[in-house]
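This report concerns only the one structure given below.
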């Protein structure tokens, strides 16, 4: 995990490819996603997918990156508050992200600023429903949903995953 | 004097009616042959159930097309829109007039027969241009633009190849060109003009918009090209005109290079038909075998290969005749 | 006007209670011949939507060969097609397109709804669905329904025969034996 | 939108195209033509729509418009139970449905920590590889149809029918297979099926040189694919392309090799690559892949007899089974590239969130950049060489 050695992350967790399929889970603050994507671009990663998970704490945007030769899958995760689901677009670095972001807008209503073409992709143009947004009652705490693995480093005040580790400890 | 004119006129009218019937019959037979032949190339029987071995299929298709609704698109120029298929089909009838099918089977003997054919064949590109332009459809317009560029380009090497034959025979009369050739294959013009024959044949594919040069109506690119908006017999006329042009081109090729109605043992129309249909089958075979070329490649083949080859052929012919 | 209406032939009555225009020349025999011609030369439109389109292609290919019945001329332009095979799921986004394509076809024209999606929304009909038109017959009139997900090519052929029967009033080809009847 | 909505087609005409066309036109230069390719167009393989800005026949700008076949798979994932979602996987990608079956089933197995019997793994490999052949044949025929050759598609379908004859025995379907189960497969391969596969392999192996002689070596085809749609490795990186598209640009990446799942690490096969970066490279990679698939098939059929276990694990999950809470990402190699499924579970009967990562989607997203400045005919060739399956793009 040398890529993010000097990068300001909220949390880095070492996952297990055999059990969850992702090697590294990296939680970031909202403003740092573009820099992180740039970092990964120069390290030779490519974008696999951008998608959101609607949890109780907020909208969790997952950016999955993989490497063609090193075989290391990194999942960048940004938690957005339900009241303000806006994040910077990484379409300037990974052009393929443009469609993934538009799709996320379709399904979850996440706005990506600076996306070159922010119109509905899959749903009809006039459609304003975001079908995959869950009713507030049905949302589940993210700590229950995620299996990020072993936490290697954690910024102060970041307690999204702690709930689960405490449960496991008990 | 008056009786003489009348007989001439009567003869011409009979010839024209016969040609109409001939064109119609040819279209039916060719469509059937094409579909059946394509079927057998593709490991399937082709039309089979409608009539014995599907023989009635083209007739039924034709009747059905006549019974369809005639649609004129909203933004189309109505006069030009319907003028185009007629303009495409009617000149074809004229093209059959000077072709000698047998020693006496000629619509009208004329000294400039080949010139007449080449001149009136040009109408087709005008018709395609009108069709594409008047139908107010972008695919149609693109198809029309392609059709004109292609027809103009491929007419030149074709003309030059024909000139080569005209140089050796010294005439433009198709009957005379035929009679100058012998009965056996080695006495035909193809021996004297092999290069000219190839150039003519390739240009023929281009002129008749047949695959691999079927760009004006290239299905996978331009949906249906210039006839995208034509329904019913509008489409049917284009369809028939296409097959009629194929017959004309193959007939002319037979006359110029393959000895026309002359053949071993007894001369007659049967030799003519056999040769023409052999060429037509070649065209069908090529269509169902090759992919389509790209438009710039199509023009490159013409301007960079066919035209120089045709010119070289002409110069060489002229040189040898002078010798 | 009511008196005049009664003089008109009942077969010219359309679904909405209007009368079609009477044909200029109406010879029974000619009509029948035209019907046979139409039924034997149904040119479908090249119009694949989803999975069923592959089975539609397979029907046109060597083993099943739609061409035997004169229906292999897949026309890319709706202007030259007689038959629209709606092969796949119709979505809200594409619904206006389908109606438009249908309107662009010249009459007489027919529609086969191929596959469960085109018939009723098929597997994509569930509580809370937001994008699938539940049956193409909500948009355009359908003549023959061919169920299956996707229907086998034999099914589509049978649908075509049924359409031919519908046009001419006669079943033209032998009926396949039911399962169990075969020796 | 309620089902009673009246669909109007005329209203839009007066203002010149629908929303997407107008949106596209805002960025147009003067004296150019805006062309709508699709949704009903013979060479967009379904209902893809591409809006083109053309100058003559040269494309200045292209924008694919998706969603004409959006079938709500991800929404259905949150409604259906774990088992009920499997048939959806047969319909995402009708070209290679078993890869999708595998991706979903594999993700759930990873999530629940289920071990699959060895024999079931072999059956999965055999059916999936047969399906890959069918998928490549479908692409081959359709691509050549795009290029204007009518006959190859009939030859391709002829061979494809032979594969479908084999596959419909264990899967019970011709096209939309959904025979994989959580913990195994639905039906075992019987003796006759295995024999049919053994007979099929040499027959198909003889067909490949014929395809090469008939089509691949044809000069017209060569001119239509060579140098068309150049995608440098950088483009592949930026758009996240995978599968034959990436391998056609010289990137030796195959999920079966780089991230071996199931028993793929036991087989001896090559990952073909081409450095030409153009449509010809992608074409040749797929042709070579068919030969390699036959090699895998041969080894898998030989290994099937020695494999232990049944076709499905004992005590396989019941229909009302609840997966444990957590998440899992599983990737497989389909005929088009890397298929990924991300399942998130909250421990109930239905998944909490399912994300389907389709290869066609990422491959197609590069089209706008690649198609800039080429002829319309080349755009058709590029679209074909990407091997698109539209339901997979729209999901």
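Chains here go by letter, A, B, C and D, matching the order in which they are written, and residues are numbered from 1 within each.
In this section, contacts are C-beta pairs under 8 Å (C-beta built on N, C-alpha and C of every residue); 3 or more make two chains touch, one makes a residue touch a chain.
Just so you know, these numbers come straight off a predicted model, no measurement behind them.
Q: So which has more C-beta pairs touching, B-C or A-C?
A: Result of the comparison of A-C and B-C: B-C.
Q: Per-chain Cα mean versus the mean over all protein Cα atoms: which chain has them closest together?
A: So the chain sitting closest to the middle is D.
Q: Greatest Cα-centroid separation from chain C: which chain?
A: Chain centre farthest from chain C's centre: A.
Q: Rounded to a whole Å, what is the gap between the Cα centroids of chain A and chain C?
A: Centre-to-centre distance between chain A and chain C: 47 Å.
Q: Between chain B and chain C, what is the separation of their C-alpha centroids in Å?
A: 36
Q: Express in whole angstrom the distance between the two chain centres, defined as the mean CA positions of chain A and chain B.
A: Result: the chain centres lie 64 Å from each other.
Q: How many angstrom lie between the CA centroids of chain A and chain D, rounded to a whole number?
A: Chain A and chain D have C-alpha centres separated by 26 Å.
Q: Among all residues of chain D, which ones touch two or more of the remaining chains?
A: Residue numbers touching two or more other chains: 1, 18, 41-42, 67, 70, 72, 75, 154-155, 158.
Q: Any chance you could list the residues of chain C touching two or more other chains?
A: 46, 61-63, 76, 92-93, 128, 130-131
Q: Hunt down the residues of chain B that sit against at least two other chains at once, touch-wise.
A: 42-44, 219, 223
Q: Go ahead and list every pair of chains that touch.
A: All chain pairs meeting the touch criterion are A-C, A-D, B-C, B-D, C-D.
Q: What residues of chain C sit close enough to touch chain D in their complex?
A: 45-51, 53-55, 57-58, 61-63, 76, 78, 88-89, 91-97, 99-101, 103, 123-124, 126-134, 138-139, 149-150, 152
Q: In the complex, go through chain B and note every residue touching chain D.
A: Counting only chain B, the residues touching chain D are 38, 41-44, 138-139, 142, 211-212, 214, 218-223, 287-297.
Q: Where on chain D is chain C touching in the complex?
A: Touch list, chain D to chain C: 1, 3, 5, 7-9, 12, 18, 39-42, 45-47, 67-72, 75-76, 79-80, 87-88, 91, 94-95, 138, 153-155, 157-158, 160-161, 174-176, 390-391.
Q: For chain A, which residues are in contact with chain C within the complex?
A: Interface residues on the chain A side: 123-124, 129, 131.
Q: What residues of chain C sit close enough to touch chain A in their complex?
A: That would be residues 92-93, 128, 130-131 of chain C.
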